[in-house]
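Two complexes follow with subunit A in common, the first pairing it with subunit B and the second with subunit C.
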Partner chain A sequence: MAELASCTLEREAFDSLFEALERRGYGVIGPRVRDGAIVYDRIAASSDLPVGLTDEQDGGHYRLVPREDAALFGYNVGPHSWKRFQLPAQRTLWRGKLDEDGNLSDIVEGPAEPERLAFLGARSCELHAMGILDRVLLGGSHPDPAERAAREGVFIVAVQCSQAGGTCFCASMGTGPTAQSGFDIALTEVIEDGRHYFVTAPGSDAGRELLAELPTSAAGAAEEGAASAAHARAAAQMGRELDITDIRELLYRNYDHPRWNEVAERCLTCGNCTMVCPTCFCTSVEDVTDLERTSVERVQRWDSCFTIDYSHIHGGAVRQSAHSRYRQWMTHKLATWIDQFGSSGCVGCGRCITWCPVGIDITEEARAIRASEEAVHAGAR
Partner chain B sequence: MASLKSPPERERHDEPGPMVPEPFVVRSKRQDTSDTWTLELTSVADDAGLHFAPGQFTMIEAGGSGEVPISISGDPGEPDVLVHTVRSVGLATQAICKAQPGQVLGVRGPFGNSWPVELLEGRDVVVAAGGIGLAPLRPAILAMIANRERYGRLVLLYGARTASQMLYVDELERWREEGFEVHATVDSAGPEWLGHVGVVTRLIGRARLTASFAGLTCGPEIMMRLTALALADFGIDGEQLYVSTERNMQCGIGHCGHCQLGPWLLCRDGPVFDWQTLAHWLQLRDV
Partner chain C sequence: MAKAKVAVWKFSSCDGCQLSLLDCEDDLLALAGQIDIAYFLEATSEVVEGPYDVSIVEGSITNLHDAERIHEVREQSGALITIGACATAGGIQALRNFADVGEYTRVVYASPEYISTLRDSTPISAHVPVDFELRGCPINKAQLLEVIGALLAGRRPRVREHSVCVECKQRGTVCVMVAHGTPCLGPVTHAGCGAICPAYDRGCFGCYGPMESPNAAALNAQLAVNGAEQIDLFRLYRTFNAAAPAFKEASEL
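And now, the complex of A and B:
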């Protein structure tokens, strides 16, 4: 478990982690500030991290604000998730040639991402999201070899949340805040009494080997206690909660609930929630040809169930109304996903709440449907 | 740093991914109706068709015009050639229907589940098809004819808009000779049509069906719904009726999300379902 064999790594020595990853040939992806938000992109040193910043999050609200300390990971999740590396927002599936008779030839697969990546700063909810996406993309009878290759080589440095954001509800979903598995190394950041350090724990043999190269010391009871206190603090701070008791049955019973009409009046069907969601996996394909139609390239892009085209079949889209599209998204996330892939599609990261331009809150929508049923039952008694 | 363990060797993926089409050449082409053609194709690599089960589909395309799911219409007993009957309704199907013999198309598959023809051995079976819906049922019809002695009564009810819109006209007579009771109807008839007029469900009363039957149906959603209602009157309930469904499909392998219907990904879990399973979800609006 994460608490076993823990060591401490001082802040001053933190960049030894980057060096060890680089020696192994990993390109390091982690949090950094861009355009007023914390995004996941290439980083080379701890100075690239959002040092001394935190994020203020609420429905339709996200702001970076300075912290009183110089924490490296003193924030929660931003608009990016690791999904963009498991399932790129756009990729070429294959290229081919066309002759004047329309013959398709020389079909070659799109280039596989040659680089091996390390994800630095993945949170517990995000590790769960990666597992959920793995089940969707790799768990069926037709796993994509390119996606599998991209996933298998990844080295994961998890960061344990020591605070929860305003839209976090991972505790409700059973996906956090403390990561128990699914990482090579887990770090808990502690700043107290003028000392800034990380309690480290290996989650794999590769993680143990890498940690052995870092200038760590064995963690004492006080340091392990400080890490545990940080984990407990995050669990106690959850900004939101979602009661998932029989959630699948609850939503299956309520396809005709008037609440779907209410939420549809606010929903702009912009699809932001699906873009920021770490598990939303829908894609569409498009053929790109040159002007002379001598070559063709099939491009796969993220798609969103909030577009009309998404459900298009000849004769028109199946889901014409905003009501039916919001219902599709939320019911998929919390209910039908369980039938399709054996688990919930929601990890409680709160991104869909934060990045909804009108602040629609999945926890509030689920609560409203549950409350109305309870009111009906109470009235019947 | 020779002592450093290098990262594990990444698995090579020389196998093309499931999203990469295989080239197939059009061997022959036949026009069935004003907007529908039947193509016979073989793989460029091995000059063969595809092994498939009745009801399965492929993702097929003429290069550069997009890919569409099309049911396989050929004889599952003769997988040396891949047969597709395609109606020209959009950009992708138009390009496929325009393909000439010798032209190379892209094919992925076969995907999806199949009509339960083996499960139904020993039973009476009614096949109800509307319009192009006969194309996905043809392999099931041929499979049952190939094992004719294993079934009781076999009945085909086929409805088309007009006589000129009927598929496989030459074959209907042959199927009759090979042991199918064939009833056909058209929505509107010209002077050349001497048979039944009316929707396909009107044929159900004429076919002397009993509760011993199981059914296979494919056609417009409304036609399948009415077929289910009409068959129920003869004691053939939803668990005994199998339908083939249609939604937007872009991958065929359960990855793109487009073909969801409630708890199912139709391309992965279907396209064939028993009516009992689907009826609840199809009656909900806009699911």
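And now, the complex of A and C:
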């Protein structure tokens, strides 16, 4: 896609993008500041974006700090992910009536027409995460119609990272930092020599049509070079690294590794890592009756493999210990996911590291297990 | 179907949890259609004799009289559910468990010789078998309706025991601990409130007591890294659920 003719859009003209999206009837969701972090919510103009801010991230640590420039996208991913829109934290699947004998009638399914949304500011790791979640939710033999409807109409404006965050490791996972597909338009922000502009590239016919309406100019070699330099800068700045060589076999071999006990001592089993992960998809389904038992609804809400109830089967919960819950999560992300869905479940966005209240780091846990094997091998030589 | 005969009992408590029942506004009529309130002194002085299908018990046991009375309540009740931090963990009044109750009495009352009290404030479950414990200080009225509704329908109540963090993230709140460095008990606290405090930029106070698998030692280590002193940790846990075993232990670490 990157080969397609790229153009430049000046910062002063950036709001023409919002206008074009609005003309097409899209509600725009994008990054904005709330309660000291960059979250995804409704935005209507470039002034709603986190102008001139960046995020400082490390294990269990996130702070917004001012930048020296007025960049619109000078930060990385925050606590929210697009999962919130693909798979809402809570939704009613259907409502119905119960008669005196307890028979169900008048079932009304799902929400009405979903709103047409545009996601503005999705990063490369996030496009990969959306693809992975699509495969999970829509790829099987029983795709969810509400999820499909919500997803199909989405218009995606990707933003190419020009810097990486303290907990990013998309380069290790092969999911970034530069998006090659999965968007309608991709933007690279450049601030250089007193000029602030965006190098734009279409990724679909819809994107090409929309770009044609914006006041762009053809990008020259210097501008394309500046965009490539920005992409390279992000790739060189990864805050974390994960060696994924034979990672599936590594974890399968180490099901009884003492490291699981060690991490269990630090893990709070709070579930934050799974809630912020853009691909974690576990939900629970609950049937709700009213006091009179005349109406009933089925509600789906985010759940987590870190809760005891989540592994509750006849007779009790299978995963009682923190050890078994952490191991389940990490092994699913990095190993069993590959068997189940044909790719890793981790895109290296770093959210689980930053938003873990005690800063447990998936890359560090994997490294410790690998290093212990290497030490054993070295000892054997 | 015959209406369930329900009694609401008070032991040592502030009445806030019972009031949640009267506070059910929109659902009060529906509730009245489903249950007969046979004993509820907070609402009416009319009393219908037991036995009762369901007893809802608020408050902790702090004196000999109540230690006997709770057995009478248990004997007259089909299901007994306890509501609130007092009934499920001993409440704020269990702070005396960590001190000399005689000294407390002398400080608080003008004529301490009239006071007859037990050394400890204890939850109802320390005295009689309890069918369901609904946590919170105060309880969440939606959860109370859910417990009553589930009881009437003969199903398990949908009351989850995981951390407050799960509710906090579902709500989309920015974590006050990670993003602001504010001490928060959410990771070790039982869900149910809907993560109200972090949504108003405050750390969780632990009103619902310990969650299903609390790891307070690990949380305390991180709170210390973020600058909390030993005394801050102590104060954090010594509130409404001070005597809940996991919080008691955490405050002594």
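Here are some notes:
In this section, the second predicted complex is superposed on the first by the 378 of 381 C-alpha atoms of A that agree within 3 Å, B and C clash if a C-alpha of one lies under 4 Å from a C-alpha of the other, contacts with A are read in each partner's own complex, and residues count from 1 in each chain.
Just so it is clear, a residue touches a chain if its C-beta (ideal position, glycine included) is under 8 Å from a C-beta of that chain, and two chains touch if they have at least 3 such contacts.
All of these numbers come straight from a predicted model, not from anything done at the bench.
Contacts of A:355 after superposition on the shared chain: subunit C is touched, whereas subunit B is not. By the document's definition of touching, neither partner reaches A:216: not subunit B, not subunit C. Using the contact criterion defined above for the overlaid structures, shared-chain residue A:37 touches subunit C, although it does not reach subunit B.
In the superposed pair of complexes, A:296 makes contact with subunit B only, with no contact to subunit C.
Looking at the shared chain after the overlay, A:152 reaches subunit B, while subunit C stays out of its contact range. In the superposed model, A:90 lies in contact with subunit C only, and not with subunit B.
Applying the stated contact rule after C-alpha superposition, one finds that A:63 touches subunit C and leaves subunit B untouched. By the touch criterion stated above, A:305 is placed in contact with subunit B alone, subunit C being left untouched. Comparing subunit B with subunit C, more residues of subunit A are touched by B. Touched by subunit B in one complex and by subunit C in the other are residues 286, 289, 293, 303, 320 of subunit A. Partner subunit C is touched in their complex by these residues of subunit A: 34-37, 39, 60-64, 79-80, 84, 89-90, 265-272, 275-276, 286, 288-293, 301-304, 306-309, 320, 322, 354-359. Those residues of subunit A lying in contact with subunit B across their complex are 23-26, 93-94, 96, 98, 101-105, 107, 109, 112, 116, 136-137, 140-146, 148-149, 152-153, 155, 206, 209, 255-256, 281-287, 289, 293, 296, 298, 300, 303, 305, 310-314, 318-321, 323-324, 328, 332, 336, 339-340. Contact residues on subunit B toward subunit A in their complex (touch as defined above): 1, 4-8, 10-13, 15-23, 61-67, 89-90, 95, 98-100, 102-106, 246-248, 250-251, 253-258, 260, 262-265, 268, 284-287. Interface residues of subunit C, counted against subunit A in their complex, comprise 27, 30-31, 33-34, 145, 148-149, 152-153, 158, 160-163, 165-166, 169-180, 184, 186-188, 201, 212-215, 217-219, 221-222.
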